[in-house]
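Two complexes follow with chain A in common, the first pairing it with chain B and the second with chain C.
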Partner chain A sequence: MPRPHPGTLIRATLRMAAGVFVAFIIFAPLSSLVIWSFTRKWFWPHPFPQELGLFYWRKVLEGDLFRALQSGFFIAVIVTVLTLLLTIPLAYLLARYPVPFKAAILLVFLLPHAFPQLPVFVNATTLLYRAHLAASVSGVVLIHMVGALVYAVWTMTAVFRSIPASLEEAAWNLGASRVKAFFTVAMPLATPGLIASTLLVFLYSFDEFTGTLLVGSPFVLTLPVYMYRTSVGYELQVASIAALILMVPGLLLLVVLERYLKSEYLSMFGRI
Partner chain B sequence: MTPRLLSLAVAAPPLAIVVWLFFLPFLSSAHLSFIRDGEWSLRNYALVWRLYKLDVLYTLGVSLLSLVLVIGIAALVCGYLRLVGHRVVEFLFKVPLFVPFVVVGHGMRVLLAPRGTLNSALAQVGLIDLGDPPSIAFTWAGIVIALVWKNLALAVLLVLGAYRAVDEAYLEAARNLGASTFRQIKDVLLPMAAPSLVVASAFMFTSMLASFSIPLMIGGGEPPQMLMVDVYYRINYQDDLGTANALGMVSYLFAMGVAGYYLRTITVRPV
Partner chain C sequence: MDVRVEGLVKRYGRVVALDGITIGFPSGGMTAILGPSGCGKTTLLRALAGFNPVDGGRIVFGAEDVTGLPPQARGTAMVFQQYALWPHMSVFDNVAYGLRLRKVPAAEVRARVEEVLHLVEIGQIAGVMQRRPGELSGGQQQRVALARALVVEPRVLLMDEPLSNLDAKVRQRLRAEVRRLQKRVGITTIYVTHDQEEALAIADTVILMNAGRVVQAGSPQDIYFRPENAFAAEFLGVSNQLAGTAEAGSLSVGAQRLPYTGPVRGSATLLFKATDATVIPDDLTTESGQALLRGTLEERLFLGSGYRHYVRIEGESVMVDGTEPVEAGPVTVRVPVEKLKIYAMASPEPVTDPARSTRTL
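So, the complex of A and B:
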């Protein structure tokens, strides 16, 4: 066997080193969470936890954390269903017909991401109070939808645009009504995009913090708000477990869908 | 029903939600910023000028520094990924995309606090003295590190996309003339991907200015603070909607400036 050139060996080592260095940067904050979540006792300045175990995992999964997870999950499901129901017909019309003010309509949905949300949501909370919706699940669902609509409208419009209109025209020519053509031709072809926007909306709602903190307090608690409260209250084990659970859906998606998601969808995930 | 009417009817409910809970509150924010003790006045803005000058500069400084770091690192890393390639590194940079902002805030807090895991690890190799541990969390550096960590993923994704769109022929020509990897990045990839970089920067700058959960969790307890934290504290502890909204207006003005700059670049230079 020919001996490898010394240059290639150095290069391979450097590549390895680069990989290890980047892995360290990326995983340093995440692994700290893992360590803390399994810590039972860790007195400063000891370098390692004195006692490790599942103590806190068992404790929190029966208490408030589980309730926050449940209500957050429930809210995210409602937000996803409502958002998709409202936006799929709209996205289809925007993609297929000369809707008046098309550009303006698309831009309005972008507004909540082009301006700082916190001061606006402070005033939105006042409006929701007047409508007797603040500190309720409906209020939180509505404030989540303000930010989530854009993901569904934009991805679904792009998806319907990418399906050739001639396929539906063929169905019309064969006697299908427009509604039937929509359900039997356009929707099945739009399934991959539909899955992407479902995941985007669900993750946005599941991870939403600012709106929930303002509108939901003090009665509606989702996992991000619960995690924030425990973290600033120095319940580090509990907060770390909440943080790890919050990461699960996203990381699962990354691993499972990395090959299938187009980079424009991936870039939308980064804004959550 | 005509298609025009039908489409407007279908558009109405989702638009109503955004108008009701974003556009109207935005207007009410502008309105309330000029109201003090029930009458029109500029006193809220005077208070912002007196108390929050430094905070505005601090917010701009932290956001600008984070942006420069993010774009600088992304430009180089993506150049390497485009020209040489490294699948592991490329995958690793996608991880923060799926880590929510609040989790980044908490993770960095645990890592960078005076008694955090980083100091603990560094003390093992004798780099720091645990009797007087340095703190990165609760300072501007903590906010910058957390913002860079989270936004780098998005920047790498966008910049790499732009680099991949650059025709290989230009790079080959540069290589034939003896250009190194760095020269290919600096003189070919970067100029040709500039419009995408502007888009990415504009978006990220606004999101850094408006970042709330990260500075709330990792920022210091004393002023200066990031603007969004000031808004939140002003409401929570002082119950002072007027000043909070005036601070909000300052942040909207910056966001509008960025949006205007962004729209001008993409209309002047067709991509």
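So, the complex of A and C:
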């Protein structure tokens, strides 16, 4: 049997060491979350919990966390649907027609992200109070849409731009109305991009914290707000469980985005 | 269905893409619009399809003025340069699209799609129909695009450089097939290309365009053998250009004089094709019917089918093709008088150019 070349062996060892290092960087902070979520009792200076158990998982699943998860999910769905209904026609228009001040319009959607989040949302909150929309689901939906629109508008504009206009012209040419051509040609081709855009908006809303806390308090409870409240109360176990649950959609997003977000969309980002 | 445009004008901002074009496209014929890029040929085609509204003039199909009609109502079908096949539909769905819009019953759709795919000779129809366009070769994709346009029996078939994305061999073959197919279906066809060889090969009528205007229109033979101006002559073939001065009885090129009996006076452009001239070792004897120009052979390239010689005549380099190699050195370029085109120069040479003014006798 031929012996492996010493160089190969060294390289394999190095690669494995690098892998372990990367895994440690990524998973070490997460592992503490996992440990905390199963902890009953853990006092300093003990290196490991003194008592483990499912007590807090049971408590969380019976109690408020489930309510927060539900309302957060509900809000994210509404935000996603409304945002995309507004975005698709606008993005199509921006991608296909010589709209004046195109760059300025696209920049407007970025503005809420261009300044520190806190002052922006505090100002928005006072406005929403005047409109009697504060501490309500509609107020939270509005504030989420302000932040989410940029993701949807920018991605969808890039998606529509990546579809050659001649594909629709070919349909018009054969007698299809503009609406018919849009739904039989542009939309099916934009679907992968639409899925990616949907996920971005959904996750933005699902994970949004500052605006939700300021606008939604005290009645609207979403998962990030719930996590904040419990960790402020030093219930680290509950906060850890909430964090772990919050992570799930993010991981799902990574997997799905990898499938649907095509590189040509990204290459269109700067060229609008 | 004959097609006419009258005084067609199209501007993009301050750029005039179509500068008052009036031309007819004969019914049932194949007309090529030929010109360099940016000459307005694609703009004209897109105006005919109705994609770009025009700023002035009329477009008439038969007896119907279609200038204001949207593309859906024009009854044209276009074959695009990039094929523009829908990648998310099968070949069958691509071709059937126009028929389904016209509410043709499913059984008839199937029959007509198969018939037209047979017509464009795509081969293995049953297998190809279920595939996505992306799985086909460029040549096959173009056949599908042609089938998709033909299946709706358009009044006018528009083709926008349909073969320019194919490699040379496939292009040559499809060129012949497109022409045969057009003769068979007899649909008025307008074919845009920047390739002069393709235009001459494929069309019954060639319209040569430049800078938003029609330069010359006629049969391929007319355009090729009887170009009406320097642009037409230059564009149609590997041409050589020399500056000269014409007077009654003689034509001077630099220090050399040629007999001349034509009507041009003053600054003139002499044009001849590389294939019409021959290089002979320096020889001062005159021959009737031949224009002789002395020069220096500077370089020779082997092209496979023959040799291309680069000869410097009075400071300008010209190309002369021949089957036999000629050695570098002083030579004479012989051009049959009827193959030497002489045009009045559109704008006079600047007298401030010392290199040129010294050559003016």
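To be clear about the criterion, the second predicted complex is superposed on the first by the 252 of 272 C-alpha atoms of A that agree within 3 Å, B and C clash if a C-alpha of one lies under 4 Å from a C-alpha of the other, contacts with A are read in each partner's own complex, and residues count from 1 in each chain.
Methods note: a contact is a pair of C-beta atoms (placed from the backbone, for glycine too) under 8 Å apart; a residue touches a chain by one contact, two chains touch by 3 or more.
Computed from a predicted structure; not experimentally measured.
Bringing the complexes onto one copy of chain A puts chain B beside chain C with no clash. Once the two complexes are overlaid on the shared chain, A:L142 sits against chain B while remaining clear of chain C. When the shared chain is aligned, no partner comes close enough to touch A:T13: not chain B, not chain C.
When both complexes are overlaid on chain A, the residue A:K180 reaches chain C alone and has no touch with chain B.
The three-chain arrangement built by superposing both structures on chain A places chain B and chain C 90° apart around the Cα centre of chain A, to the nearest 10.
Put chain B and chain C next to each other and count what each touches on chain A; the higher total goes to B. Shared-chain residue A:E169: touches chain C; no touch with chain B.
Of the two partner chains placed around the shared chain by superposition, chain B is the only one that A:L254 touches, whereas chain C remains out of contact. Of the two partner chains placed by superposition, only chain B is touched by A:N123; chain C is not. Taking every C-alpha of chain B against every C-alpha of chain C after the fit on chain A, the minimum distance is 14 Å.
Residues 164, 166-167, 169-177, 180, 184-185, 188-189 of chain A are the ones touching chain C in the complex. Touching chain B in their complex are the following residues of chain A: 15, 18-19, 22-23, 25-26, 28-33, 35-36, 44-45, 47, 86-87, 89-90, 93-94, 97, 99-100, 105, 108-109, 111-112, 114-124, 126-128, 142-143, 145-146, 149, 153, 203, 207, 209-210, 224, 227-228, 231-232, 236, 239-240, 243, 246-247, 250-251, 253-254, 258, 263, 266-267, 269-272. Across the complex, chain A is touched by residues 3-4, 6-8, 10-11, 13-15, 17-26, 28-29, 32, 86, 88-89, 91-111, 115-118, 120-121, 123-124, 130, 149, 151, 153-154, 157-158, 161, 206-207, 209-210, 212-213, 216-217, 227-228, 231-232, 235, 241, 244-245, 247-249, 251-252, 255, 259 of chain B. Across the complex, chain C meets chain A through its residues 49, 51, 70-72, 76-78, 80, 82, 84-88, 97-98, 101-102, 148-149, 152.
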